[in-house]
Every structure is written in C-alpha cells, then in structure tokens.
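Just below is one structure, and these are the notes that go with it.
Chains: A, B, C and D, in written order; residue numbering restarts at 1 for each.
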Amino acid sequence: MKFKTRNFDQAETVVSIRELSVRLAGNETAAPVLDHISLDIRAGETACLVGESGSGKSVTSLSVMGLLPKGALEVCGGRIEMDGQNLLDLSPQAMRQMRASRISMIFQEPMTALNPVMRVGDQIEEVLETHGRYSASEKKRRVLDIMNQVHLPDVERIYRSYPHQLSGGQRQRIMIAMALILEPKLLIADEPTTALDVTTQQQILSLISELQEKHGTAVLFITHDMGVVAEIADTVHVMKLGKIVEQAPVEQLLRQPRQDYTKKLLQAVPSLVPRPHRAADGQETVLTVNGLQKIYGNFSIFSRREPTKAASDVAFSIARGRTLGIVGESGSGKSTVARCIMRLVDPTAGEVRVAGHEVANLSRSQLRPLRKHIQIVFQDPFRSLNPRWTIGQSLIEGPLNLGQDKHKALARARELLTLVGLPEDAINRYPHQFSGGQRQRVAIARAIAMEPDVLVADEAVSALDVSVQAQVLELLADLQKKLGIAILFITHDLRVAAQICDEVVVMQHGRIVEHDTAEKVLSDPQHAYTKTLIEAAPGRFWDFANFRELPAA
Amino acid sequence: QEKTITAVMHSGLRVLDPIITTAHISRNHGYMIYDVLVAVDENFQPQPQMADWTISDDKLTYTFTLRDGLKFHDGAPVTSKDVVASLNRWAKRDSGGQLIMDVTESLEASDDKTIVWKLTDPFPALLDTIGKQSAIPPFIMPERVASGSADEAVTEYIGSGPFVFVEEEYQPGVSVTYRKFEDYVPREGEPSWMAGGKEVKVDEVKWVTMPDAQTAINALMSGEIDYIEQVQIDLLPLLEASEDVVVETRDELGYQTIGRMNFKHPPFDNKKVRQAAMMALSQEDVLATLIGNPDYYKVCGAIFGCGTPLADDAGSETLTSGGDIEGAKKLLEESGYDGTPIVLMQPTDVVSLTAQPVVAAQAMRNAGFNVDMQAMDWQTLVTRRASQSKPEDGGWNIFFTNWMVPEVNNPLISPMLNGRGDNAWFGWPEDEKVEELRAEFIAADTPEKQKEVAAKIQAHNMDEVLYIPLGQYIMPQARSTKLTGLIESPVPVFWSVDKEQ
Amino acid sequence: MAATPEPAARMQWLFGAVALPKSWRMGTGPMLAAIVLTIIVLAAIFAPLFVPHDPMEMNAIQRLKGPSETYPLGTDAYGRDLYSRVITGARVSLFIGVGAALVSVMIGLVIGLVSGFFRLADAIIMRIMDSLMAIPSILLAIALVALNGPSIWSVIFAITIPEIPRVVRLVRSVVLSVREEPYVEAAIALGSSMPKILWQHVMPNTLAPLTVQATYICASAILTEAILSFLGAGVSTEIPTWGNIMAEGRIYFQIKPSLIFWPGLMLSLCILSINLLGDTARDLLDPRLKKREG
Amino acid sequence: MFGYIIRRILAVIPVMTIVAIFVFLLLRLTPGDPAAIIAGDMATPAQLERIRTNLGLNDPLHEQFVTWIGLLLQGDFGTSLISNTPVSSMIGQRIWPTFNIAVLTILLSVLIAVPMGVLAAWRHRTWADYAVMAFSVLGFSIPVFVIGYIFIQVFSIELKWLPVQGYKAPSEGFWAFLSRAILPCLTLATIYVALIARMTRASMLEVLGEDYIRTARAKGVSEKIVLFRHALSNAAVPIMTIIGTGFALLIGGVVVTESVFNIPGIGRLTVDAVLARDYPVIQAMILLTSAIYVFINLVIDLSYTFFDPRIRY
C-alpha cells in the first residue's frame, strides 16, 4: 500500500488551532465538548480527524467556521489563528467575509446540505454575489468553469437543475464547487462521502485531492472510515472525548499506533478478508426464495408514473446455522427482498418458503402464527424500538402473541438480555436510556425471543460506529453458534459481509448478478459489477487490525 | 346637489309585498311607494287621501271618487279598476277586510274614477278599516299586479305613492333606495299621520339596516347617517353627549307587550290557572327590565292601549300594581294545578323580546309554577307556536310578543280577541262570548256605544285571560339636527322632511 | 402526487411546535396556568357556596349599575349580579370547552385510526370528512343549534361536528407516518394483530398532538360559544356563560364595558392557561422530547 | 400537473354532493318556517298553510331535493323564499364586499404575520419571540366582536381617523373603500395573523435547523438573505397550507365582522337567511363557501409546486 509521504516542513501554516476549548453554553460544570485541542494544517496538507462518534470532530470544524450552534455550544478558551488574526475575535461581519473566500466547508449529507428550492447554479453563484462584484456573464462563466473542474457532466443543464434532480455524487460535487470557487486557503470536509456508495465515494475522494494539488489548498478531512484515511491522509489526528489523543503522519499511525485507543479503533475495522470457510454441514434448508419479484408503483389510470422494478427473479436459499449476505449499492433492491420475505410488503410474484411453509400468498391473519419462524432486525436502532415501551414490554410482545404466559416470558426476557450482554435490570428501562449499540442488542434479543429459524438483518450494523459494529457482529456470530439460526445479512459494506457471511449474493438493479461463497465472491469476483464494488473499497490493501499490508492475494 | 336621507330602520326590508305580510317594515315600505284611498289622521279620524267618498243614507253604499292627477310610477293614470283589484286582493289577507267582505254585496268600478261598494248589512267601521295603518293597509297597485294570487308575493313594485322604489339598488335585508316621484300630486293640507299632503322635499331616501345597535349610534354621531328609527333606550346616554343629534318620540302610542297562553293544553286550558299566572306578573318588572328608563314605558292595564279612544283598564289591578304572588299562589292551589311543566318559549335573537320571558318565568316560579323555559331563535318560535301538539311533543304553553298599539286598539283588528278556536290566532281560544261581543262592537254605530262594548271586552279579557297585557313602551327615534319637518306618526314617514345641506 | 402536508397535521404541529421559554416550560408558566385554571374550575364548582347572588336572580330596579357592596362588579341589563354570573359562567363555558374537546377527540381518534390503517375505509371516510370540513363551521353551528334548540348539548354538538374532521386528519397523518416506523413493522413481524398494533403502538403517538389539538378545540369551543351567543344562537341567556354574558353585554360596550371586560378577561386567562398547559402536557407525553431536553 | 388538476376537480364532485345532501337534509329537519316570516305576526294558521303550499314546502322531501338539484345542475340557485329575488343575483350583489375584505385581510395578515413569525424564529427564545407568541395566544383568546368594538372605539370614536361603519366599493374611490375596509380587515386579521405568525415561526424554526441553512451561512451570506431567501422559501409550504385552512376561520369571522361594521356581505346574508330559514339562499351559500374552500385549497396545493420544485403533480 502506498501512503502519502510528502513533507510539509517547508509549507506555510494555513491555520493553527491552539488550546481550543468548547463547552455547552450556560453549563460550566459539564465536561467540555472540546478540551484544549491544538492542531496545525499547512498549505497542501490533508489532515484527517478520526475518532468514534461524538468525540468532537464536527464541533472542531464548526468552531473554525464560526458556525457553532448559537445558544448550545460556546468557545471557552484557545485561539484559531489564520492570516495572522484570531478568528475567534472577528466580528460577525468579518467572519462572514472569511467564509467561502478563505475557509470553506463541505458537509456530510449532500441530500440535505443544498437548498432544495434553489437552482444549484444560483446556489454556487451566491458565493460570488456575496464576496465580490462580478458582472452577470462573468459570474456565470466562473460557475460553469468550476462545475467543469469538478467533472460535472452537461454543466449547462445541471446549472439550471434543482438539487433533487441530481444524484448524490453530483450534489456532493456541487458542494465542492461551491466550496472551492473562491480558492480558499482551507477546505474543511466533514464526512463528505459517508452518505455515498463506494464507487461514488472513490470519485469524490480523488476529485478532492486533484483540486487540492491544483490550488494548494489545506484540507481538514473528517471521517471515521479508516479506509478513507489510509487513502488520502498526510497527517492523522485521533480524537477521543473531546481531546486529541494522538497525532502522526498517516503511515506511522497505521503501522505503529502508540495509544491503546488508536489501536482499538484500528482493530475494530473489519477486514476485507473473508472469514474462514465453514463447511455446510447438511442441515435442512429453512428459507427458500424463488423467482421473487416486486414492482412498486400504483396502477391508477391517472398516474403516468413508471412502476419501479425493485426486485426481479431473485432466488436463493439458506440452511440452518448459515449466513447469507446480500450486498450491492444503494437502491439495488436489498431491503425490498428482505421486506418481501418478511411479508411486510406483498411480493408481486414468486415464492418464499419459511421453515417448510409457503408464505408468499398467505393473508395477514394466516401469516401470524408463522411469524415466529422468521424475525428481522432493522438498520436504525433509534427507531426500531417503541420509545414509549420499556425494554421488557418490547421483549415479551412476540411471546405474548404466541400465547405465552407473561411471567415466563419476562423471565426469558431477562435471560435474553444477559445473552446479548446487557444487565438484567435493563428490562425496566426505556430505549432512550441506551446507546445505539445497546439498542441494537435489544432489537436482536427481541427477535431471538421468538426462537426463529431465520433472522433477517437489514443493515443491522450500518448505523453503528466501528467499535460497536464489531461487538454486534460478534454477538450475531455467537448467537448463531448457540442457537443455530440461519441469518440473512444485508449490507452495503463489503468488509462487514466478509466478516460474517458464508455465502454472498451481489445485487444490482434488483437482480442477482453473482452468488457464491464469500471467499470466492470477494477474492475472485466474476461479474464486472462486483469487481468495481471491490475495487472501490478504500484501503483495501491494508490490514488495519494487524497494522500491516494485506498479504497479496 | 342632491339631498339624500340615510335612515337606519328597525329591520331589514325583505318582503316587498305589503299585502302578503304583516311585517311592519313592509308596511312602511308600502307607505313610501303606494298610496291609500282613505287614511286616519292623528285623531283616529278617516280622511280622504286618494279618494273622497259619500255614504248612502242606509249606510249600505259607499261611493269613492278618485281625485285628479293620480299616476302610477310607470306613468299610467290610476283608475277605479286598479282600486277594485287592489281592494279585493287586500281583503283576502286582512282580517278586517274579510269581515267587510262577509257583508259585501258588490265592489265595482262604475267609471274610471268612481268605485261603488255595496253592503248587505251596515258596517260602521268600514272607513276606519280601510283607513287604518295596521296590520295590512289597502295599498293601491295597478290592476295587472293586484289581480294575482293573494298568497303569492307580487313581483312588480309600482305604486302611485310619493316615492319610487329603485329596484337596481335594492339589497334584500340590507338597503333599499327610494327616489322622489316627480309626478306625485300631494293632497292639499297639512300632513297628519297617513292623511294630508305628502310633500316630498328630498331627492332620495335610503333605508339601511344595521345589525348592531351601537354601530348605528356611532354612525349617526359621526354624521354618516341621518336618522335612526328606533334607538335602544339603554344606549340613549351615548347620544346625549352629541349636539348634532336630537332624540325624540315620534309615536306617542308606541308598543304593547303581551303574553299569550295556549288554551288547547293543560294547564292553561284551566281558567283559574291562567288567572293565577296573570296574577303573578308585574308590568313594572317586565317593563323595567325590558326598557329600563321609566320615561319610555308606561304601566297600562288597557288591552286596547292607553291613549286610544277605547282604553279602559278594568281588571288589571294586580298587573299594574306589582303583581300579587300570594294571591297567585292561592289561586293556583285552588285550581288544582298538578305541577305540569309550563313550556315557555324564549326567543334569543330579538332584543325587544328577550326580557319578558325571563322576568315572567321568574315570577311564575315564585308563584309555584313549574316553568320550563326553552330558548330558541325567533324563527323556531314562530314555527313552534303554530303547532297544536302537546307541549311535551313540540307544542307550547306560553309565549310573548309585542304589538304596535294601533294594531290592537280595537276588538276587530286585535288578533288575540278572536275566539274561533282553531281559526283563531295562536293559542286557539274557543270563546263564544268574545265573538258575541265583537259582533256587538261591529253593530255599534256611535263612538259612545263602541266604548261601552269595548269596556265589556276588556273585562271579559281580564277574566278569561285571552291574553295578558304587560304594558306599553315607546321607542324614541334619533335624528341629525339637519333633518327638519318630521311629523308625528306611528309609521315613520319621509314626506315633508327636509335636510339642510 | 408528492407529499402535500396534511393540514390537520400542520395544525397540531403548529400548536405543538410552540417552544415555550425554558423557564415557563419547567416551572413558572405552566405552574401559573395550572393555578389559574384550578382556581377558575374550583370557583365554578363551588360557585353556589360563595357568590353573593343567585346568578339568575333579576332585580329590574338595579339594572346596569356600577360596582357596589352588594354587587361587586355591578349588574347587567336584567339587574343580575355580574360577579356571580361571571364566576358561575365558568361552569358552562368550561363544560362546553372540555365537552367539545373530549367528544371530538374521542370520535376523531377512532375514525382516524381506522381510516389511517384500512385503505378501503379510508377513501370513503376521507371524502365524508372533506365534506364536513368544507362546510363553514360557524354556519353549520348556527344551523345545528337552530335544529336542536340552544341547549348546552347542541352547542357542544355543533362545535364538535366540524372539529371531528380535523382530528381525523391529524390522527390519520400520525398513523400514516407511524405505520412506516420500524418498530411497527417489527410488531407486525412479531405477529401482533392489527387492533393491538393500532391501540398499543400507534395510538400513543397521537396523544401528544391530540392533547395540543384538544386544548385548541377547547379554547375555540369557548370562543365559538361566544360567537354563537353573539349571533343569537347560543345557550339560553338565562344560564350564564362567558359567551352569552359578553353577547348580552355587547350592546352596552360603550356605556358599560365591564360587561364584556370581566367575562372576556376570564375567557382570555382560561384560553391562555389551557394553551400553556396543552403545550406542557405535550412535552410531558413525549419521552423522546424529554430526552432531548434533558 | 394537468392530470392532477383534473383529478382534484373530479374529487370535488363527491365532496360537493355530500355537502349538498347534508345541507339539504339538515335544513329540512331544522324547525322554522319561512312562510311565517313572509306572512308576519298576524297571519292565521290557514294563511301560513297556503303560503307554504305555494312555496312548495309541502311537497315530499325527495321531490324538493330533485327539483333543487335539477335547477342547480342548470346553474340556477333558485329564488329566495322571503324576498322573492333570484339567489344568484343576491349573492352577486353581496359577494364583492366580502371578497374585497377577505382579499385585503389575507394580504394584510400575510404582510404582518410572516415578518413577525420570521423575527420570532430568528430571535428564538428572546423577548421578541415571546412577544410574538404572546400576541398569537391573545389573538386567539379574544372574541372577534370585542376586537372590532375596541378598534371602533379607538380609531373611529376617540381618534376620529376613520368612519365607524359601512362599505364602499373600490370603484367609488380607493380611499373611500380603504378607509372603511381597514378596520374590519384588521379585526379579521387579528386571529389570522395569530395563526400565520405562529405557523411561520414554527416552520421557520424547523427550517433554520436544516443543513442547507448552515451551508448558506458557511458561504458567508448575510442573515437577511439566510432568512428570507433560504429559510422562508423552504418554510412556505406549511404557511400556505395554514393560509388555506385558516380560510375556514375567516368565514366565521366574516359573519361577525360584517355585523359589527355593517358591511353588506355574504356573511350577514347567510346568517339572515339561516335565521329566516330562507332555504335556497342557505343552500346556495353553504355550497358556495364549500366550493370556495375546496377551490382555495386546490390553488394552494398547486402553489406548492411554485414554492417547492420537488413537488410535482
């Protein structure tokens, strides 16, 4: 693996953060949100800020922009030096002048960071309007020019488009164009690619470094994806609970992390190497899907909308105790398949057999007694538990539906909580009293309480940060070993799929394009689409957990 | 510069045919655009208006001769044919007219200007009846209009009166505009009530309605309007401050407020119970609550109204002296009243009728009645009072209303004195005695004899309690000092009125 | 068609989204509101024990008098004691407000739940609701009161009918969004029956917005009663309500403003308190909000 | 878009049909008798009966309904039972004052309320915010007629700036119109302003928390542009919605305001008609107001596409 090894000793320092502290406004006793942060970024350098969720990465960047949420957070010490002045002392007017012209920022969510009711051309032009006098034609020329530079196709059309008419990647390019049009000295990018799928992510990353080289911009890049860090960073700053715990050039950090925290962070990154192959031991098949098709769209005479073929001709089967992964980019139909199997939506055609019962055409009431055979865990741990119910109530809902005695069900619920690694007294608490990872455990326990034959996990770990993700994956593997459940594991993260799946199905445009053992799919992809997916995975030659290159395959 | 009078009337004009309705506003409208043959003056004497008359010696033939120069607003001259058609239509709707028609042999136009009315029996009150201003005066319309059904409103509004109705500017219930009729030839002589010379001195009169009494007063004080027909007495203090406004009384007789019971159902089918109820009531209480200012009301025991020729107050002592609760209690006990609830209807949307039920209910309760006061809007009330069902099934026991004194000032026109059972006015008393007395009244041919019979009717009413007179009140009018020459009259008239610019 | 915001949902959101000053939310505001409301309610309940006069007792000689020892706030046009009437008026006014709120919320809740979850019923129900909503409520109220006579119940009924569709829309919009929530899908997957899901998972989500809506209905019912009285179609004038005290007093506005001022003050205080309490109750009802704030 | 409009208009048909049937039945079940109004106090029961027969009120209900609907489909609203004038011409006379007042009220309300709401949201949790909210709650808790009286007392009687009552069409001179219309409009606007300001504030608060607002600030644009260009246009849809649904409130207010200020509009026409049981007028009025309500909300729904390009029909 080739890291950036440029030397910045000669380069001028663009921004210098000194002993910056931020705390909750009006609350002097609470632990500070940022605790004496210091870091420098030099011209042309890419500084990566990493750390688990909530460690203060975004707050750092917003402090530099002077955009801390008013009334919620306030700076309580330190300096941010740029152009020989302390940004924290500037008047609001002067700070506005700095923004976009000297410092600019790209935000995480391209879907929400653009004003949905303004044409994107106007939104870029607004930067010029705000920071200088240009004639109308001059403005337009410059906007089209920067749009070309970020490799947008058909710029004239896109100039007139609204954000919702663009893809996620295109929107993120608009954001970048907006940030770079005035050639600022410092570009802050807060998780600019997290919401994008891997292929788009790769394009955006290379675009940023291309522009950076061209303009000599200093970049503060925030991410929690170690793969991305490995690809683009010059220097890495690791944050934990509002402090910077380790700062080092990228290669040094990845090879010889000094802090335990850093090591833990790196070890949690799942490897792209598939888990050791487990022989299929001839257990019976518990889930079979055949010719499954789902078409969305109403067929009203008044509606001329094209129906969406979200899934077509999907077929696979899983045996007891095995895990099948479904991977594919966003919108490829993964969730649709899961929901059809669960009969949360009605498949348009095809058959689904669960533990020997054909369920595709049953009515809702016929279905109810069969529900115990198959359970699901959803992506969003914050919304998949009823916030008004105690954990106990949620856990016994299913068993009570099966006619179990309440006391027994509660006793069992306690056992289950222990099984998923939560204290027994959690049973009387409410979901909001738990962290995301803990909630996901509860959701898993709830599914397990039904003693299902099949567990469907739809992006069950995508919302969790790497360390928590690792724990949940382990838990699933554990449970599978103990209870012999078959798991249908849906993810867009190849690393995760590699860790947990026996077999992998790759979906594109609602169809299965490749289906084989995890090993084969990941190390020897057949289909071109699978190949691009794998190639786009950042840091794919690095074995983070072991601080070294992956042995060449 | 045109002279326009803007007047706020007591109610909105909605029905333009004054023959089909007894509503005062429609009658007032009638006097604006129509003329009448004969009209009573302020001494209650019939005077010639469109026509002079002669009476044959046997009192059976009346001959009317139209005066010269009468013209309808469309330019056509008024002929005796128009008069005959109008009188016929009128007689179908007016109770007095019906009585005359009962004794009419023929009513014919003998030539263009002469109408001959032949009777089978003398009807001494004929001229009074066609000259009266209530409830339905016999307005003269063109024959083509008047020959239509008496149960369907006319659709053409052409008269021969001093004002012309401006149809384009008419907004039902909101405003109506009248222009001076240039071709109108007033009769000689000073105007007196509906009689005399109706000389119009302004170009235009605009009647508007204001649903809010204060708004009208504010508008008058700020000069946006010239005239308010009826001012709520409680609000008079507001006007007193203003120098540009005059408050005065135009109609000294005013109104009589009354209660009427239902004779068809218990307990008011029992005379003693009716008497007990009447005994419990005090006119003073009712009037003080309704009007407040004693300058504007008068305790009056006469069923024909104080200040009228037939007035007599026999039998009204308890009413006029504050009620006799103890006596009422005793009487009620004697009557064998069993506590049947009395359904008392209370209208909520007519200001001049909200107080009576409330006061009466309290007095009757004090006397031991079980009163079930039911609030409703006036429309519901008028529908319900027509129902002969039992009170508990949507019928009623007692309600209250107001009459203009000229509407009740003699036994022929007073609707409450009709004793013909189901054909009588709401309440349906079956009372042969009163019918006999009324016949006696018709036959009475001198004022003295009439007065004698009237006294008997008064006494009979107070014994039988056909209705309860609850006293008399007047409604002052308010006008801008710019208006001059208003004459006294129960009907607000706009002739002889001038406006300074 | 793209997602057009549900008017009713917006309504609740509107009244729900009133972020109160922090100090109010936690303490003083709602406390004051609760105290005011409690005093008014207690006063109304125990009115007969301490008001100096029978609120219906008339004394014609004493009409429209100013404050005196016997009549603390003066008298009205019937010579009744204004103070006694204003205090007693709270009874009917609050009863109408609370009655209208409860009835419309309960009926609307059931219809809304059904129509939100069952597609077939939905089309028919929503057409009927649209129709009810399109009929101007004041006119409907007048007509209904004319139909049933101006009793307290018909006023409540009249106010309730046009409110039901708004509640239905609100509940329905909550149902439509909640039924996409993963925890409802999880409940389906756990084999819970529809009625159970509706009642246990979906219904509680409607409580917070419904509380706000209910306080809004309560407040507007008290006001509508006043307007109906103004138009002569309210509760019998004998029985005091703030609405008809004001309606009767309106023609004396310029000569005796206290006839409108006192009931108006009580009404405003009450509506203000109800609104404040409604907002507070909504916050208390929503555990997620609690967390965000805490 | 076109298809959507057609669909919406088709959807109006069942709604209006239900309204029509509902209104018809409701009215016929209501006690009250137009014949009694026509005939006046002294009429005898027999005379009432004859008038009733003449008006067709004694025909069986379904026949009356069919007759009415039949005429309606030919665009004929019938004739007022009381005043005997065609309902369409009565409405034609009376609708303009109400229309003008309503339009002016909405304009005025939006012009007052939106900046108020924006200010409150921008200065969230400051005295400006509390003042706006206090005003909103107050605007809701004072009956319209009281507000009207207070305005008259202050502006017309004490200050003598404006006439106390009446209505003049704009064609009679704009000042004549405005001087009479301004108080009723302000009166009506109070409750409307309260509603819209509240909604604007809530909607703005939500929008101001959005990422694109942060983006705009990150571009260095001024607060004015952030508020009015970026935030307000995104907050517009719910504000438009409340303007549409608030229209129902306006109708209620109109009835009262027209009484207090003596404006010859359709609000009073309807109340008078209800009190007089003038069935054809009431039926026409309720149908008309329902239709206007439905129409306004259709227009508002269509306006969403203008404010939000994501919404396509």
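The working rule: a residue touches a chain if its C-beta (ideal position, glycine included) is under 8 Å from a C-beta of that chain, and two chains touch if they have at least 3 such contacts.
All values derive from a computational prediction rather than experimental measurement.
Between the chain pairs C-D and B-C, more C-beta pairs are in contact across C-D. Between the CA-based centres of chain C and chain D the separation comes to 21 Å, rounded to the whole angstrom.
Centroids built from CA atoms put chain C at 45 Å from chain B. Distance between chain B and chain D, defined via averaged C-alpha coordinates, is recorded as 40 Å. Distance between chain centres (mean CA atoms), chain A to chain D: 49 Å.
Residue positions 212, 214, 349, 376-377, 379-380 of chain B are each in touch with at least two other chains. Listed for chain D are residues 4, 31-32, 124-125, 149, 157, 259, 275, 310, each touching two or more other chains. Looking at chain A, no residue sits in touch with two or more other chains. Remark: the chains found to touch one another pair up as A-C, A-D, B-C, B-D, C-D.
Put simply, chain D touches chain B in their complex at residues 31-33, 36-48, 50-51, 53-54, 80, 82-85, 90, 93-94, 149, 152, 156-157, 160, 163-166, 259-262, 264, 268-269, 272, 275-277.
On chain A, the positions that touch chain C within their shared complex are 342, 344, 364-365, 368-369, 371-372, 374-376, 378-380, 383-388, 394, 397-398, 401-402, 430, 432, 443, 446, 450.
Interface residues of chain C facing chain B in the complex, by the touch rule stated above, are 56-58, 60-61, 63-64, 77-79, 146, 149-150, 231-238, 250-255. Across the interface of their complex, chain D is touched by residues 12, 14-17, 20-23, 26, 93, 95, 135-136, 149, 151-153, 155, 170-175, 208, 210-212, 214-216, 218-219, 222, 224, 349, 376-380, 382-384, 386, 401, 403, 407, 415, 422-426 of chain B. Against chain D, the residues of chain A that register as touching in their complex are 65, 67, 71, 96-101, 104-105, 107, 109, 112-118, 126-127, 130-131, 162, 164, 175, 178, 302-304.
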